[in-house]
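Below is one structure; the comments refer to it alone.
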Amino acid sequence: MSAFLDSNFIQQLLLSTVRMATPILFVALAELYSERAGLVNIGLDGLMTFGAFMGFLVGYHTNNPWLGMLTGAAAGVAMNMIYAFFTVSMCAEQIVYGMAINILAPALATFFNRISFSDTSISIEGVRMSPVAIPGLSKIPFIGEILFDHPPMVYAVYALLIFTAVFFNKTKPGLNYKAVGEFPRAAETLGIRVIRTKYIASVICGALAGVGGAYLTICSTNTFSEGIVAGRGFIALSAVIFGRWSSGGVMLACLLFGFCDALQIRLQIVSPSTPYQLLQMIPYVATLLALLFFGIRRSGPKANGQPYFREER
Amino acid sequence: MKELLRMVNISKQFGDFYANKNVYLTVYEGEVHTLLGENGAGKSTLMNVLIGLYQPTEGEIYLRGKKVRLDSPKTAVKYGIGMVHQHFMLVEAMTVFENIILGVTHDSSFFINRDKLKKEIQELADRYDLEIELDKPVTEISVGEQQRVEILKALYRGADLLILDEPTAVLTDIEVKGLFQIIRKLIAENKSIIFISHKMREVLEISTEITVLRAGQVVKTLKREETTGQDLANLMIGREFSPNVYKKVKAEGETVLEFSHISYHKESKHAGLNDLTFTVHRGEIVGIAGVDGNGQSQLAQAATGVIKPDEGTLVLEEKQVAVFDPLAFIMEDVSHVPEDRNKMGLIGNMSIEENLVLKSTRDPRFSDGKGALLKTKAIHDYAETMRVKHDIRCTSVEQLTKNLSGGNQQKVILTRELENAPKLLVAVHPTRGLDIGATDYVHQSMIEARDRGCGILMISADFDEILKVSDRIIVLFEGKIMGIYPGENPPIEEISFAMAGK
Amino acid sequence: MRKTEKIVALLIPVLSILIAFIIGGIIIACLGKSPIAAYQKLFDGAFGTSTKFAQTLEIACPLIFTGLCAAFAYKCGVFNLGGEGQFIIGAVTSIAACLLLGLKGPGGVFVSLVLGMLAGAVWGAIPGIMKVTRGLNEMITSIMLNYVATLFMGYVYTNLLREGSTPQTPAIDESLKLADLPGTKTHWGFLLAVLLAVFLTYVIYRTSFGFQIRAVGMNPTAARFNGFRVKKLILLSFIISGAIAGLGGSIELQGKQFRLMNGFGQGFGFDGVAIALIAQLNPIGAALVAFLFGVLRKGSSSMQTSMKIPSSVASIIQALIIIFAVGGSALIRQPGFQKMLNRHHDRSTEGKGAQA
């Protein structure tokens, strides 16, 4: 018990929280951009997995973590274009298509994994993105290390968070974008390009989800395994719901889950007698409980999830 | 007067079907040009062509003498054409200000310069006497105000030609007067209005010129002074229009429905029920009059068990209702023709057969063992009989109801609701969106049901319908009963005032 | 009109399967192997001998259960993605019952299967209750429960019911194992699965209950206005689909695996969802598609051993089938396509869709 009160333990825990929240935050932002344009994408797990593998692969071969990240993004976009084509242009049901992506993407990732690294019994190690301490700020006692000594992708996600908040609340394009998710018909009559916005949303969603996945194989760890995503895509989905579709709320939700993730790992070390599976359940149970206490009935962008049938021209 | 718009030989086809055929329309600056026609006559299609949502199959459009191609809503806006749709295109989650600047491109900055833009918009609003509050969320403003926002939206985008699609459908008489004042101000400033309506009284009051459409084609274009209401009605219908006159009855039968101090406040602050007390007897039609949004939906849903009142008691045939649940009401022979036939009345992806027996799948006529085995042949035969009896136009009784026309969908619902001789029928906006033929059919069915002893509670925003069919008229305003009037020789002016809250 | 629609509806999964196999063949060719030879190995691996065929059926068996689970739920408009968790919980409950309650013989089998079914029902009811009482998104809740179930199972076989040093449970008693169907080497759980598919088809399309389930799935508002107990039906659909998956898990345990270990039940849940979607929620269709998936799973391991083609090609083929099948259904619902169908038939009537 005393281990918990150790300031080093707490510091490590909080540091871990920030890092483990990052991939979830990327993916939650991905979903936020998608849902604000009216597209519910439940294929996040699949997009993450594909981005994770492709990013890992390129990082491994080029030994460049940045190229790996970029590839992760590109892979996510490519995969999500399948989703986008069928849901935006063919008006297929979004939920169903999201499931299709969740099945196709990991299958492709596994396939490429098997042919790239034929011996998967040993853990292949790829490139790793090292933490970059922000000069000055990282020297602040206690919180300095927690907030300012991370792989650059962590800083990137928080910058993105701020940009997202500004974009949706203070800019013209942001307002028009939101209208697409709220009332696409009205947006169309006002000259807003609804279909184009939805495709852009899908590109952003794919890219960010892919990056979130690549983060897991380049920053969190530097290996790829088939179960690496472990449902984080769905946790990110729920983060968007608790966060009430606002950047700030989503950030808090992701930090909460990051905390759970970090906690269960630390607890495994600190309390080896507790069965580790029970500890690993913490993030999932936390999601359930959070939904129970803070989840709300259908809300969010009004036309979310509805296929948009373009009036014929 | 200078010519503003000329539509020449416009046709619009959907497959083999002509929604518009050889339409000629000329609108001048500073005039109110009304497009008159019943539901399904082609008014909306023509306007959708004008605002760039549809491309005409044939024909040209000229603006100020120059030929133009309106290939998208954006282009139409660029040419100064703006439309106020019948169902408002306002984003509920945003404020009035945000709705007005949505999609606007003449200020191409990335960030929203709130102060500057608000000032611009307020000036514009003041110029045309449009009273609005920019920072209010759309969910908190009245219907009349929403309409003003829509008008301002169009003006802000530089519209010289404003299309108003059935603008008075949702307004009280007083609000209509306010709207007409705004219209007069607009034409005084040389703007033009295309006014779409099928309400004769208003058309006669505000129009400069009138074009009558029927079955997609122009019947005639005339100046207001050259015509009368009867003339126009005849032109709209295409034959000597003699409205059906139904005999009114004074029902002395048993009470089939009784509302006693019913109140309901659960939803938005505009709707709700306030201490309602009234009765419906067997063999009479009680018409609830009033502009939509004054509690009509809630009244209907309380009377059919869909919602539970917060206070008061409901009595169905001498029995006080304890359980508010649609099934319980159905078991008590209450039938419901709901306000939204597609959302509430029919399962669109099910066939006509299935929709007809929707409530009766455990009936021994249609299944063995209380629903253990559906008798598909019996169901099919029943549906066939009904199709013939009620002349339901369809490719077969296996056709999915979502593919039927509005009138035929309503026929399916009516068939289902009336075939089992209910004691009470609650019909909400039963002829909304239907053409004259279908409307007549609906009224006829209700009268017949009434004569067979059914008590009917009809809720309608169509005043003419109320006058035509009701044996007693009750006016609903802001959830309160303003008055109860006889259906025979009703005091029309008094009722109009009551509907507006006086 | 309906007939054409039915034919088209059948054509879509068939075409999707064909296209997916063709693309799979292209991928195999890119690996430098002959697609024809590869597919020959695949089908030989699945049907070659009666033993192999029996094994294919046994592999298809759990997929039929999870496919039915997903199909039934979705018929009611409910996205039960928790089939995996419900399957696993059923198995966990059964093994606990078998090992701890001293069950034996046919009576024991019956008890254990029923318990597994009930456990699945409960696990399915959790997201159901959360949805009908609080409107909470059932996809998220059911998937969270999948992870909880899998982790719990891990806890069971590495800790609670562990067999010595190996991370697995002891095997169930001989008398509790499901016997093979006479004259075959397939356990009778498979027959149960097929019968269940037939039974569910009957329930969904020929009973009042099934009618109501379908109505709620298509338009819950109209269903409510017409007197259906929507919340009750939704909850029931969760419970029933959970029970089906739970039963599947117990049968997998007692018919094939006989013990719990790492990887038990893995992937069956999502595969079940894929199966349901490809079969367009038709239970008998789901059984057929599950059989196809079984063929792919079994055949692909022969393909891998004899031709060194990664078995994940089969997963890709599976995934492609679903992409095309779902895309195909979307395509036919497009207004453009509908008009094409209409023109084919529309002669005498006014029942048209496009209105002014």
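Each chain carries a letter (A, B and C) given by its place in the written order, and its residues are counted from 1.
The rule is short, and it goes like this: a contact is a pair of C-beta atoms (placed from the backbone, for glycine too) under 8 Å apart; a residue touches a chain by one contact, two chains touch by 3 or more.
None of the values given here were measured: they were computed from a predicted structure.
If each chain is drawn as a node and touching chains are joined, the picture has every node linked to every other. Just to note, of B-C and A-B, the chains joined by more C-beta pairs in contact are B-C.
Taking the mean of C-alpha positions as each chain's centre, the chain lying farthest from the centre of chain C is B.
Inter-chain centre distance (chain A to chain C, centres taken as mean C-alpha positions): 28 Å.
Chain A and chain B have Cα centroids lying 45 Å from one another.
The multi-chain contact residues of chain A, meaning those touching 2 or more other chains, are 312. Within the complex formed with chain B, the residues of chain A that make contact are 170-173, 175-176, 178-179, 182-183, 185-192, 301-302, 311-313. Taken together, the chain B residues at the contact with chain A in this complex read 48, 51, 53-55, 71-74, 77, 83, 85, 89-94, 98, 101-105, 107, 109-112, 153. Residues 14-15, 17, 19-20, 40-45, 216, 304, 306, 326-327, 329-331, 336, 338, 343-351, 354, 358-359, 361-362, 367, 370-374, 376, 393-396, 398-399, 403-406, 408 of chain B are the ones that touch chain C when the two sit in their complex. Listing the residues of chain C that touch chain B in their complex gives 1-2, 206-209, 211-212, 214-215, 218-219, 221-229, 339, 342-343, 345-346, 348-356. Interface residues of chain C, counted against chain A in their complex, comprise 31, 79, 81, 130, 134-137, 139-141, 143-148, 151-152, 154-155, 158-159, 270-271, 273-274, 277, 310, 312-313, 315-316, 318-320, 322-323, 326-327, 329-331, 333-335.
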